[in-house]
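Single-structure report; data block below.
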Amino acid sequence: MRPEDRKQELIDIPMTVDVPYRFAAGKYMTKFLVELRDNGKFYGIRCPVCKRVQMPPRIVCAACHVKNTEWVELGPEGTLVGFTIMYLPLTDPTTGKPHEPPFSYGSVRLDGSDSVLDHFLNIEPEVEKIKVGMRVKAVLRSPEQRVGDLSDILYFDPIPHQ
Amino acid sequence: MKRNVAIIGGGQTYHAARRHDVNQVEMVNEAVRSALEDAKMAIDEIDTVLIGNMEFFEGTHLTDCWLVDGSGAYGKPGLKITTGGTVGATIVCGGVHHVASGLFDKVLCIGFEKQEEGDTGAILSGVAHPLYGRSMAGAAVGYFAMMGTSYMAAWGAKEVHSAMVAVKARQNARKNKYAHLKLDITVEDALNSRMLAYPIRMLDMCPASNGACAMILADEKTAKDRCANPVWIRAMDTAHNEQFELDWRDVTTKKPIFSRTSSARIYKQLGVNKPVDYFDVFEIYEPATWAEMVWYEDLGLCGPGEGFRLIEEKRTEIDGSIPVNPSGGVLSTNCIGASAMLRVWEAALQIRGDAGDHQVPKEVRRALTTAYGGTNWTVITALSRSLDD
Amino acid sequence: MPEDRDSEVFEVDQHIVAHSRYYAGRMGSRFYVTLRDEKRIMGTRCAKCDRVFWPPRSTCGRCFSQLSENEMVEIGPNGTVETFALVTYSEPVHPRQPPFIYGIIRLDGADTSIVHFIDEVDFENVAIGMRVRPVFAEPRHGNILDIAHFRPV
Amino acid sequence: MSERVAIVGVAQTRFGPKRADVNYSEMAYEVIAQVLGKTGLTVERDVDNAVSCSHDIWDGQTISDIGITDVIGGHLRNEEKMAMDGSTAVYYAAIGILSGEFDCTLVLAHTKMSQTNRNVVNNTAFDPIYTRLLGLDFTSAAALQAARYMHVRDITDRQAAKVVVKNLANAVHNPVAHNKGRYTIEEVLDAPVVAAPLRKMDIAPDTDGAVALIMASEEKAKRITSSPVWILGMGTSYDAHYLGDRDLSECRALEQAAARAYKMTGITDPAREIDVVELSEEFSYQELLWLEGLGICAHGEAGRLIDSGFTAMDGDLPVNPSGGLLSGVPANVAGLNRVAEAALQLTGDAEGHQVHNPKIAVAQGHSGFCGQHQCVIVLGKE
């Protein structure tokens, strides 16, 4: 408050804005979500010019401004390229419930992909146990529980050294 | 640019976590009055009003329309632009274009955010694609946390370097009467603050602030007629980044990055070889400590992997050779829609010599500012005291 | 080409739910406290323009004068209907069930008007120029619904 | 304007009540690819700026131009979002080119009204302290404006209905329109009441779609096309926010915006000098009110104007030969669609709804309820 502030009842008006949406996934995201849901597979798409494989698949390669053309199956194994241990009870806006902290959270480059995916890591939330560069594998919900959302991935499991 | 454009006045609110004494219209009006007073100008003299904030952050659609009494836009031409966190600088950019076009001589630019009124969590998670990651969005803190782990792994920096950035920002803020977080803290305090997302602690992140910034831009003739100390906007460059590839957090990436691309373009435009020699002060948009060190490198203030050395060697302190964020920066004050404009206005104050207690103790002829927002977007602005500089 | 395939239409229902809290400011607070506690309606007078505004405001949009709480004056409570409309549809943001009537009402002593509900009268009997008075809600919470509606005098 | 800006290409989706097959990025790319194809330009080589137009709350996406950056060619380049009506995006893009900073700008507007509830969205545009809790939306606010305007200016229900009859009949010839047909005044008046005095047919329907156009500096434009459409004048203005502050029987902001645009163009007698008007009648009565605001006739004369046939397809000054917003144009896209339609008229590319050899066209768009912010663009062949 500024110094000149005086004692006065200051009125506030709480208000909840609740806007409903029905989002269409569109042609490219639909393929990704349906393959994940029905077949447990990850699909990216390759740019015909720079050959970059992008996930999620999308209509245009932003770097080349051309239409992406070639579907590529990716993963399910990948490499951890960044991580954090989350101590904040971040709310899942689609359920209204928080993800219970602390939890390990990371950025994974699926094999065959030039993109990364942020998701939960099934690793104890201790810094020493997580390393950039470690190999991980996606663990999915059982087929009947999958809905076509990234939450169909439960988390990434570390792959023990072979 | 067809006409030279100068900042001939500006102002800001006292930024704070709570401003229960004003509504949004009144808060914006504080900054507008302050800018008009600084420029010794009446609202009637303003030709057009441009305003921006984080759209829908406060749960209000078409805020420009609501705020007309406070912004002074009633009966005037004007518009609202939004580009996320960069918007304050985008508005300046739009203002520069308005003046340079020759259609307007005096343009009022406004950026604001009354963060306490909005639902930060809900709106920030809305940045994620609704069908790809919104259900588990790690928010900004998760993103910068990964940048931190990447930075430490790649360059051997330690958490203490982040703490040094945190301390510099808040100690500088103590010298800035408008700043929000004026904290007399030590490196130990920063290292002991609550962990949010490893390695980001409470003091490593920007706060949620309420505040507004307004600036008046003018053409060369008006500037010279009406202003004793105009600050010239010499170049601006915008680089947005694609939706899903947020490579900035991987500090070793070889991909073209928004920050390096944009600064390279602006340096080329101005013929800058060594930015640390060319510019006397920097005001950058650092939502988190690690981003400040990465900015040092991406702006070419040092080589790759050397950012943490700059802070270690105190080179970027107010009295260092490369002062960065003498105002306290975004780590001390983050009223999102105003944050990027505040960088430009603070740089202008340094050039004018009007920064008060946080004025850098050397001659300031040129300054560089950055913005940050969206999915790794920036607007970089170069300012000078003289058109000959 | 991918888009040439027959892909299913994939739609997902979501809500964006944002809990906002708006501060009325000093003048707005005085307005609402007076309305809530004393059932009186205040406006702000701009001396320079010689106009009385509703809603109260600390800047005159026309002449940009800064206005303070000292310039607040009581207006109404009675007023004159300037326009009205009958709403027949239902939305979650409506505080009333349709059909209901919105009106714009020029309160006595004010130069600008208030939007609110007109009730206790059939739509057919509402007319521009009609005199109305406010009916206050019980209990009152310090928001615009502290006026329940306006009704014919 | 000393140096000029031209529109060199236009593309529009077919408008429809719902596009479930695409997300908004893909819908936008349809028109972006189309306009680049028509002009033979590439983003990489030719386009140095992009302005998109939509709103976070409509898109259901915070910072919703995030979903546009890729398709508009904004990666590592300049891209901005106009969070207003699409007409203002044209205004802003033209200023960018006049500044000398940009040579060629891709302008886009998109909205999928079908994915949300327009009244819930628009309710959030009312100030939260004194108005929003009343539950107002743009339709109920417009009903208040319609009643006031019609009362003060003696406009009849039949005259407002004539706007619907005219525009939906015009739309029959417009390949992108989706709400069209030959109706009688009685059919319009028999439609169910939504917010009296507005009936269902008085209200622009929910629509999905996108429009893109490319604007260029004079030098660049002449290299791109032999038939550039020049922006001759532009103006914007804000009215007061609160409905009770405004004289709803007039549209002060539109008068100011038009005055600025006409002054820049050199228009002194709009009704004679303008050959075609595309305006944003979100509600039928607005076509009449906006015509008064545009100075096409005096206050209170718009009812007689439509009675006389002056604004008909074959009248002296055809208004909304495309069918206007009533024929189905998404919110936000509305003003860009007006500019695009005006440009198509000037280049003679308006197909079935082409008017005879127009030289000067005016496009109008507005943001906020009851037209609080207004934008007028004057376009010409010469």
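Chains here go by letter, A, B, C and D, matching the order in which they are written, and residues are numbered from 1 within each.
One rule holds for everything that comes next: a contact is a pair of C-beta atoms (placed from the backbone, for glycine too) under 8 Å apart; a residue touches a chain by one contact, two chains touch by 3 or more.
What you see is a predicted model; the values in this text were computed from it and never measured.
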item	value
Selected interface, A-C versus A-D, where C-beta contact pairs are more numerous	A-C
Chain A and chain D, separation of their C-alpha mean positions in angstrom	38
Computed distance of Cα centres, chain C from chain A, in Å	43
Centre-to-centre distance between chain B and chain A (centres being mean Cα positions), rounded to whole Å	28
Set of chain C residues in contact with two or more other chains	9, 11-12, 14, 16-26, 28, 61, 92, 143
Overlap residues in chain A, where contacts from two or more other chains coincide	10, 12-13, 15, 17-25, 27-29, 33, 58-59, 62-63, 67, 93-94, 149
Where chain B touches two or more other chains at once, by residue number	19-21, 23, 56, 59-60, 68-69, 74-75, 122-123, 125-126, 129-131, 134, 242-243
Category of the chain touch graph - line, ring, star, complete, other	complete
Complex contact set, residues of chain A against chain C	8-25, 27-31, 33-34, 45, 57, 59, 67-69, 71, 93-94, 96, 148-149
Sites on chain D touched by chain B in the complex	1-3, 25, 55-57, 60-67, 69-70, 74-84, 88, 91-92, 95-96, 98-101, 121-122, 124-125, 127-129, 235-241, 252-253, 256-257, 260, 367-368, 372-373
Chain D contact footprint on chain C (complex, rising order)	9, 11, 14, 16, 20, 22, 24, 28, 53-55, 61, 82-89, 91-96, 102-106, 112-117, 123, 128, 143-145
Residue ranges of chain B touching chain C (in the complex, touch as defined)	19-26, 29, 33, 42-44, 56, 58-60, 68-70, 72, 74-75, 114, 116-119, 122-123, 126, 130-131, 134
Residue ranges of chain C touching chain B (in the complex, touch as defined)	12, 14, 16-28, 57-62, 64, 66
